[in-house]
Structures are given as structure tokens and as C-alpha cells.
Amino acid sequence: MLEVVDLRCERGERALFDGLEFKLPAGALLRVAGANGSGKTSLLRILCGLALPARGDVRWQGESIRALREEYHRQLVYIGHAPAVKDELTGRENLAVSCALGGTPADAAVVGAALERVGLDGYADLPARHLSQGQRRRVALARLAACEATALWILDEPFTALDTTAIGCVQEMIAEHLERGGIVVFTSHQEVMGASITAYTIELGG
Amino acid sequence: MNWESFDAFLAMGGYGFYVWGSYAVTFALIAMEVVLLRLRGREIMNQLIRAERPRRSAP
Amino acid sequence: MSRPSEAAQSPRPSFGGRINWFKYSSPQSFFPLAGAAIPWFAAAAALFCVAGLYVSFFVAPTDQQQGEAYRIIFIHVPAAWMSMFIYLVMAFWAGAGLVFNTRLSGMMASALAPTGALFTFVALWTGALWGKPTWGAWWVWDARLTSELILLFLYFGFIALTAAIDDPRRADRAAALFALVGVINIPIIYFSVQWWNTLHQGASVSLTRAPTMAATMFAGMILMALGFWMYSIAAAFIRVRCIILERERNTEWVAEYMREQR
Amino acid sequence: MFKVLRVVIGRDLLLSMRRRADVANALLFFILVASLFPLGVGPEPNLLRTIAPGVIWVAALLASMLALGRMFAADYADGALEQMLLASAPLGLIVIGKAVAHWLVSGLPLMLLAPVLALQFDLPIDALLVLVASLALGTPSLTLIGSIGAALTLGVRGSGVLTSLLVLPLYVPVLILGTSAVDAAAGGVTVQAHLLLLTAFLIFAGAFAPWAAAAALRISLD
Amino acid sequence: MLEVVDLRCERGERALFDGLEFKLPAGALLRVAGANGSGKTSLLRILCGLALPARGDVRWQGESIRALREEYHRQLVYIGHAPAVKDELTGRENLAVSCALGGTPADAAVVGAALERVGLDGYADLPARHLSQGQRRRVALARLAACEATALWILDEPFTALDTTAIGCVQEMIAEHLERGGIVVFTSHQEVMGASITAYTIELGG
Amino acid sequence: MFKVLRVVIGRDLLLSMRRRADVANALLFFILVASLFPLGVGPEPNLLRTIAPGVIWVAALLASMLALGRMFAADYADGALEQMLLASAPLGLIVIGKAVAHWLVSGLPLMLLAPVLALQFDLPIDALLVLVASLALGTPSLTLIGSIGAALTLGVRGSGVLTSLLVLPLYVPVLILGTSAVDAAAGGVTVQAHLLLLTAFLIFAGAFAPWAAAAALRISLD
């Protein structure tokens, strides 16, 4: 369970949001919406523990994530604006490394299957440098397929730069994850998740 | 003929190290280049053969 | 090297008759041609080198001042000549590649570079081994030696640049530009002994004057130089064939060639 | 046409102003190298005086070489360089603008700082003047030549070091002319020939390097 | 009129497209569609003259763009994947510089109006580093408002990272430009231009 | 836990392997810098022998300082560093991994190459050995200390100058100890004290620098 208590974020001299509170039980999907610059990315980085809030706290299973640290990280997948894909490594190597770093090592079979899942079968052994914008994003997103056991997914605009096939694939992975009892927090400017899944929505800014 | 004996030939009037050092390194480098070229050629041929095999079996 | 920016962009010009040169400027038609020429150049190289070595050791007399140490000249000078000459040829191909946008030119340039670097190193090495007994030092920082060392670094730069860029077409064009920029170093090497007074020997072979050295010495140097020259051509051809195969591995004609090989 | 030149120079100067720390860094590096030497070599005054021109020139060369990384890399990464290729003025002109701005923030301060450092080594006054003059003529050449190397290695893995590899061979003549000018001045010999050669080199580089760098940029961005 | 003749593009060892031909008269809108990695960005870069095609030619008003060069650039606005927004400059400065470089200098009033148009009024004097992802894209897109007179717009995924207001604003600018007789080429994974405007579509890849 | 360490080292070595040019070029840079000094200073052999330890050590220091740029910058730009902050092992451990990999490709080859360069300056054999030993102890310290600076310069907050100033005072003792060890060896004096001090410095740096660098990374990425 992810819980946010009285969260306040300041950027520059403005407060982006204040007194934000929510609780996400297992199997919950949260969409963070809001205009450009309303603080979506800032919120997600606070949820991960990458940024410190001006006030308030983020709790995972009742404990503050600042106390949990690595234990929290092991149950978290964060995919940010920057895809964290190394140009020099192949898709396969990129995925294996990022899984191992995250604490859920994936063997060759899992990695291969994950890349196939996001439609990169033919490109798994190409250095990422030779991939197009959308293909690189797919490499990053393949981690979702490889780390299914990780409880919490935090995704910053996961659908950017993807074509419709890939968007469908990501939607599917999210739906499956929710069924498994996982928690997903994501931002998106479009209503892409379809009506079949009920998502909580936070509208930031205003 | 400049040389009285084979030893004199090797000694090069006391400059054997310098003279033979020059010639030896030069021809060693050339030999090395030839070998490296051989290896490179063989490597690419092998790759091509490997790449060709599945294509043959396909149809 | 005037305005390569424009040259680089200009399309391949179509010459009137459109038969001749561009036929052999395609890797596909050059590949067998080079293959056929290699044995001849290799044989010529061996022949000239053997003759040159014979002259250097058994015909040329001992030098009064330097004793036998002077026999290094028979590799030093030909290697130094080749180091500069190969760079010029390489730059020529590079420039041709930029202007005409032909694929083969870039391949030729990158095929020549390692051999050029080799001869540059040989010139430096033999020079150093010669310097110790004659000047009493392996190395001095005089103009000719320094500019020859710069030549070595230019070759390294060329090779490193080609290796660092993965797209072969882009690599060729970037390296070509670099080679052209570096060409100014060649006249500096050649004339350095005239422009600055240095330890190093001036030119003793020139077109305008009669050779000042013994005819046999001159003959030995020329023979060795010819041998190195033929060797360079053979090595460059072998290497360019490798490069062609590596780059065109997915083309139809290479598949055809592989089928013929069986 | 020259409006664009002005815009480019203005823009680059403004950018440098905004990240002053970067500019200061290059200067600091220069000071650092020149001051590390006495530390590494030992404090003997005669020795220091002999090596002073060399050390200061090498420090200047290294500092200006390192600054090269700033010339195009940032603009390449954020797409601004693409826009310059699509600008309404010839690319060579834009390169000139960038080189001028770059020299103003990396070469000029270095040149002004050099005499202070040279004092540390106890160089005589006329040698100091020649040092400044040689740097004034030499560092622009370094920037111009360097622009070619920086342009060629854009987007290449490990571009920083590759740039130095490409550029250093061409820097060497400038270094030799510069130091030997200062040496000559310290020895009381006339320095005109050296400075003339440096000028010739500068003119040559100014005439050709921008166009070569422009061609290199086109190749790198293809 | 933008004309493309027998265009072929190779990347790595694959041909992305071959024999591509089209003509765009004044007032035409072209959408380049295709899956991730199908060569949309590559095509746009060739249209601008940033990349050389393996074969074929691009012509503007009947002349090859390679002969026209700066003259062509003066009539072109290209906004690529990378927004070309300098972190250290404010939105205002960024816009002024990019207009001046493009050959259509814009005075303070025009710049201000353009930034207001894309909804950045409050942020015009903030260094771009302090802007969110979408706000930075808006700074780049403000150039469209400032360079209305420029005939040809080439936009690579202009709608990425934008919220719905901003998307509407860009659509409006494109529609106005077409009415003025301008030509627009853009890529997008979504059908965002609405039904009111008929767009030619090229589908790349297969 | 140590699995993550192994993964990080493996990953960084693999990355360096893929951009071999980078590693080779760093070495070439070292060679070039060490060869430039004789150019600047002049060819006199005695003078060269005197300044040799200083030159080689300064060249090594510069080369390893420049290589620092590679340590975090690329990972920062493409978001990989964020992922490391969210890794399942303490950040300090990951920094250790990155420092080890970094030293293996930037410090080690440098150390192996130094004797060859020293020959160019005509250094005696025992001085050569001490040179290698001092580099073996000194360059890891440089890498470790440098990692703090590299981490601080990543963010907008860390001013470049400030960090150089912060790192430099810590670099200087290493430089002085290193060169004076070689000088002592060349002069036939015992060098044990110098090398012991270098070792102590290394242990100290190894114990504290990774955690300082980890903290710096957290600050830079906030």
C-alpha cells in the first residue's frame, strides 16, 4: 500500500501542490493528470524518493520510504522521462543490467521474452544507438515485462513516442499487473487506459 | 663483397645492434601486417559463410 | 581543399560518355580487379626488396665517416618517403570521395592508413636507431623529427576517427576531411630541413641536381623504395578487399561471389 | 548576413555569461596546470625560469583544448546545432561567430592572466610582453583549428579525447612557435620572425578552418 | 511547392524507404505516419536538407534544395525531436535567437505575443531549465506563431508531451498556416488534426 | 548486495569495451601531454631528466582528471543515474563499483604506460619502478577523490569552480608525494616513507570518498 501524507512540493518560489493526500491499495491504478508544468513529474520523483518534498511524507506499507530505502527500491520500478537506455549496449544488455540493478535479476530467457513482448524481437541485439526514438522507449518499457513481480510501478508519460501497437501492449501489461495486485502510478495527457479499468485520477494545478 | 666472414657481417663494424635492429623491426612489422591482414580476411570470409548457411537451407 | 562543404554535398556528376572511370569506382567491379592485381604487386615487392637488400649489404661500400651504421639509410629513407607518399595518396582518395561521393574512395583511404602508419613508425624507429650512434641521442626535438612524429599522430587520428564512427559513410567523410586538413604537414616535413636549421640531413636526392651520393647507394635506396611501394599497393589492395566484403556483406553480388567460391 | 553573425556571437556570449562557472573552470584549469608544475618539478628558481614559457604555453594549450568540448557539444545535444545548419546564413559564417565568441571567453582571459602566472616563474618583463603577444596570436589559431576537431567528433563515443588526438598534431607548430618566441625574448634575441610566422598561421587558419569546420558539422549531423 | 523525386533512404544496411515520390502544393498538409522505427524522422531530416538521401532529390519551387541552401532555409521552419531550447536562456531569449537565426527576426512585441499564444505568458522570463517537459516544447513551438510568414513547416511529433490545451493551440496554428497558403509536413502517432482539415498521409514501413 | 557491485563493474567495463576508442584515446592523450612538454621546454636532456617525474605525474593527474567527466555525466544525461539511485543496493556501493571500473580503464593502463614514457626522458631504472608504484597507489586516490567532484558538478547547484577548488587541495598532496617519491628514487634516497603515506591516503580515500560521492549524487539529482 502506497500512502501519501500532507505532501507539499515547491519549485522555484511557487508551491506546485500542497496538502496532497491519498492511499493506493493493492491493485489500484492512479493517473496523475494536469496541464504542462503542473507538477506531475515532480510528484512522481517524490514518490520514488528521488526528490525530497517540502513537507509531508510518502509511506510504503505503512513505513516512510526514507527509512526503507533499498528495501523500497526493490519493490519499485520507475520509468522516467529519460529512458535510461545506454547507447552502446544492446537492448538485451540494457534490460539485463537494469533488472539486476533493480534487485530482480532476469535470466536470458526472461529478458528475451520481455523484449519480444514489446515488439523488439528483431532489434534485441542492436546497440540502442541504432534505434529510433520509439524503439528506445520500448527497451525501457520492456522492464515492466521482465519485472512483473515488482509491486509498484511509477511511469512518467509511458505512452510518449509509442505507436498504437506499442501503446496497446503497455496497456495490457498494466492491466495484468493490476490483476496481480500490483500498484501503478502514471502520468499521461491522453485518456489512454480505456474504460475497462477504473483509474483514480489526480488533477494537479488548476 | 664487403664481408670477410659471417661474423663480420653480423657485427656490422660494431653497429650490429643498430643496423639489425632497424632491419629486423621493419620486416617484423611488415610480416605482422601481412599476418593481420590474413586473419582479417579469414575472419570476414568465415562470417560470410556462417551468414550464408541459414539462407541456403531456407528455400 | 577549397570549400569542401559544397563539394561534399554535390551529387555525383555525370560525365559525357559515362563509360570509363566510374565503372571501376564501384566496389563491386574493383573487387575482382584488385584480387587479380595483388599477386603481381606482391611478387614485384619481394623481387625489389631482395635486390635492394643485396645491393645494400653486398654492393654498396662502407661509408668513410659513419662506418657500417649508414646502412640504415636503405630502410630509413625509403620508409620516410613512403610515409609521406602514402599520406598524399590517402588524402587524394579522401578528397575524391568527398567530391564525387563514391564509396570506393573512402575505402581506399582507410585501407592505406595502417600501412602508412607502419612506414611512418619504421622511419621514426630506424631514425632513432641511427641517431644514437651518429648524434649520440635516440631522439631530439628538431623540426623534421617532430613533424614526422606529427605525421604518425595524424595517421592515428585518421584511424581512430574512422573507428569511432559506426556509420561507414559518415566515418569515411569525416576522416576524409581530417586527412585533407592534415595535408599541410607533408610540405612541412619535406622542407623542414630547409626552413629551420636542424640536426637532420637535408635532401641529397633531388630532381634538379645530380645525386650527391654514390650511385650504388642511390640504387639501393631506389630499389628498396620500389619494393616498399609495391608492398604498400599489395597490402592496401588486400585490405580494401576485406573492407569491401565487410561493408557490402548484405549485397547480392557478395552472395554471388560467395557462391562462386565453393 | 552579418546580422546573423552578430546574433550568434551575442547568443554565445550570453550563454557563457549565464554559466560563468564553466568559463571560470577553464581559467582555473590554466592556473592549476601552471601552478602544479612548480609543485611537481621542485622549487629551484633557475630551472623554473627555463621551463616557464613552455609550461605556460602548454597550460594555455591544454586549457583551450579542453574548452573545445563546450563549442558545439551542448548545441548538438539539444538540437540547436540542427537549427544552425538550417539558418539563413552560410554555416561557415556561423562557425566564425561561434569561434569568436568562444575565443572571447576562453582565449582572451587566458591571455590576460598569463603575465600574472609568468611572474610566479620570475620571467623578465620583455619576455612577458612577448608571451602575451604570442598568446594573442596563437590562441585564436588554436580555437580555429580546434573547431574542426570539435566538429568532426560530435556525437562520437569518447569525443573529448578523440578531439585532442585529432587536434594536438596541428597544435604543435603553434606551441613551438609560441614558446620559442618567448625563449628568444628571454634570451634577448629578436622575435619578429616567430611572431610573423604565428600571424601567418592565424591568417591561414582564419581563412580555411571555418569552412572545414562547417563541412565537418554537415558530415557529423548527417 | 515541395516536391520529392524518387527518394531512397538507407540506415545501417537496411533501406527504410525507396522510390518515394510526392508533390505538395501550397496549402497542403502532409502527415507522415508509420510504426516506431519506420523512418519518419529520417524522412523529415532529408526534407530539410539535414541528411543526404541515398538517392533522389528534394525540390522546392522546382529547384533542388541543395542548390538553394540558405534561400530554402529562409522559407523553412523545422522543429525536431530535440526542442533546440537552451537551458540557460529564458523563453523570450530562446525564441528571439531562433527567429533571428532562421532569417525572420522578431521584435519584442512579436516574441511576447507568440509566447502568449502558446500559453507561456507567466513563464516567458524563466530560464528554460526551470520549465517542465511540456513547457519546453511549447517554447520551441512558439516559433510557429512568430514565423507565420515562413512558407514551409516541418514538424517532428509536435504534439508530444503537450497537454490538451496546447495541442489545440498547435492545431489552430497549423490550420491558420494552411489557410495562408503555407505547407505543413508533420509526423504523429495519433490522428490529432481532426476531421475539419484533409491531410495527405504517407504510411511508411510495412 | 555484492551481486549489484559485480553488475555495476561489469556494466561499466562492458561500456568501456564498446567504446574502446575512448580508453585508447585517454592513453594517447597521456602520451601526447607527456610529449608536448619536451616540445615546449626544449630538448636539453639534463633539463628533461630533472622535470621528468613532475611532467609524467602532472600528465597522469590531468589525464585522470579529464577521464572523470566520463564517470557520471553520461549516466546522468540518459537517466541511468536516477535508476542507480533507485537500485537495490546502497548508493555508496554502486559508486565504489563505478570507481573501480573507472580506474581499471583509466588509471591502470596509464600506470602501465608510464615507464615507456619515462624512457623517453631517460629516467634511471629504479626511478622507473618507483614511478609505477607511486602511480599504482596514487591514481586510485585521484579517481576516488575525483568522484566526489564529478558527482557534485552534475547538478545545477554544484558550481564547477567550487568543486574543482574542493578537489584540488586533495589532489595536490598525491601529486607532491608521487613526484617526490620518484625524485627520491632518482637521487638514490629511500622512498618507503613516501609510498607509505600514499597508501595511507588511498585507504582513507577508499573509506570515505564513495559515501561523500553518494551524498553528492543525491544532492545533484534532487
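Each chain gets a letter, A, B, C, D, E and F, in the order it is written, and its residues are counted from 1.
The rule is simple: a contact is a pair of C-beta atoms (placed from the backbone, for glycine too) under 8 Å apart; a residue touches a chain by one contact, two chains touch by 3 or more.
Computed from a predicted structure; not experimentally measured.
A.B. asks: Trace the shortest sequence of touching chains from subunit E to subunit F and report its length in steps.
C.D. replies: The distance in steps between these two chains is 2.
A.B. asks: Highest contact-pair count belongs to which two chains?
C.D. replies: Top of the contact-pair ranking: D-F.
A.B. asks: If you average the CA atoms of subunit A and of subunit D, how many Å lie between those two points?
C.D. replies: 45
A.B. asks: Please report how many Å separate the Cα centroid of subunit C from that of subunit E, as a whole number.
C.D. replies: The mean C-alpha positions of subunit C and subunit E differ by 47 Å.
A.B. asks: As a quick test, compute the distance in whole Å between the mean CA positions of subunit B and subunit C.
C.D. replies: Roughly 18 Å separates the two chain centres.
A.B. asks: Of all residues in subunit B, which are in touch with two or more distinct other chains?
C.D. replies: Not one residue of subunit B touches more than one other chain, so the list is empty.
A.B. asks: Could you pull out the residues of subunit A that touch at least 2 other chains?
C.D. replies: Residues 81, 87-88, 127, 130.
A.B. asks: For subunit C, which residues are shared contacts with two or more other chains?
C.D. replies: 9, 146, 153, 156, 160, 164, 249
A.B. asks: Please output the residues of subunit E touching subunit A within their complex, sorted ascending.
C.D. replies: Per the stated touch rule, the residues are 11-12, 34-38, 41, 81, 123, 126, 130-135, 137-138, 157, 160-167, 189-190.
A.B. asks: Of all residues in subunit F, which touch subunit C in the complex?
C.D. replies: 21, 24-25, 28, 32, 35, 38-39, 42-43, 45, 120
A.B. asks: Inside the complex, what are the residues of subunit E that reach subunit D?
C.D. replies: Listed in rising order, the residues are 48-52, 69-70, 73-74, 76, 78, 80-89, 93, 97-98, 100-105, 127.
A.B. asks: For the complex, which residues does subunit D have touching subunit C?
C.D. replies: So the residues of subunit D touching subunit C come out as 91-92, 148, 152-153, 156-159, 162, 165-166, 168-170, 172-173, 176, 208, 211-212, 214-216, 218-220, 222.
A.B. asks: Give the list of subunit B residues in touch with subunit C in this complex.
C.D. replies: Listed in rising order, the residues are 1-3, 9, 12-15, 18-19, 21-23, 25-26, 29-30, 33-34, 37, 40-41, 44-45, 47-49, 51-52, 55.
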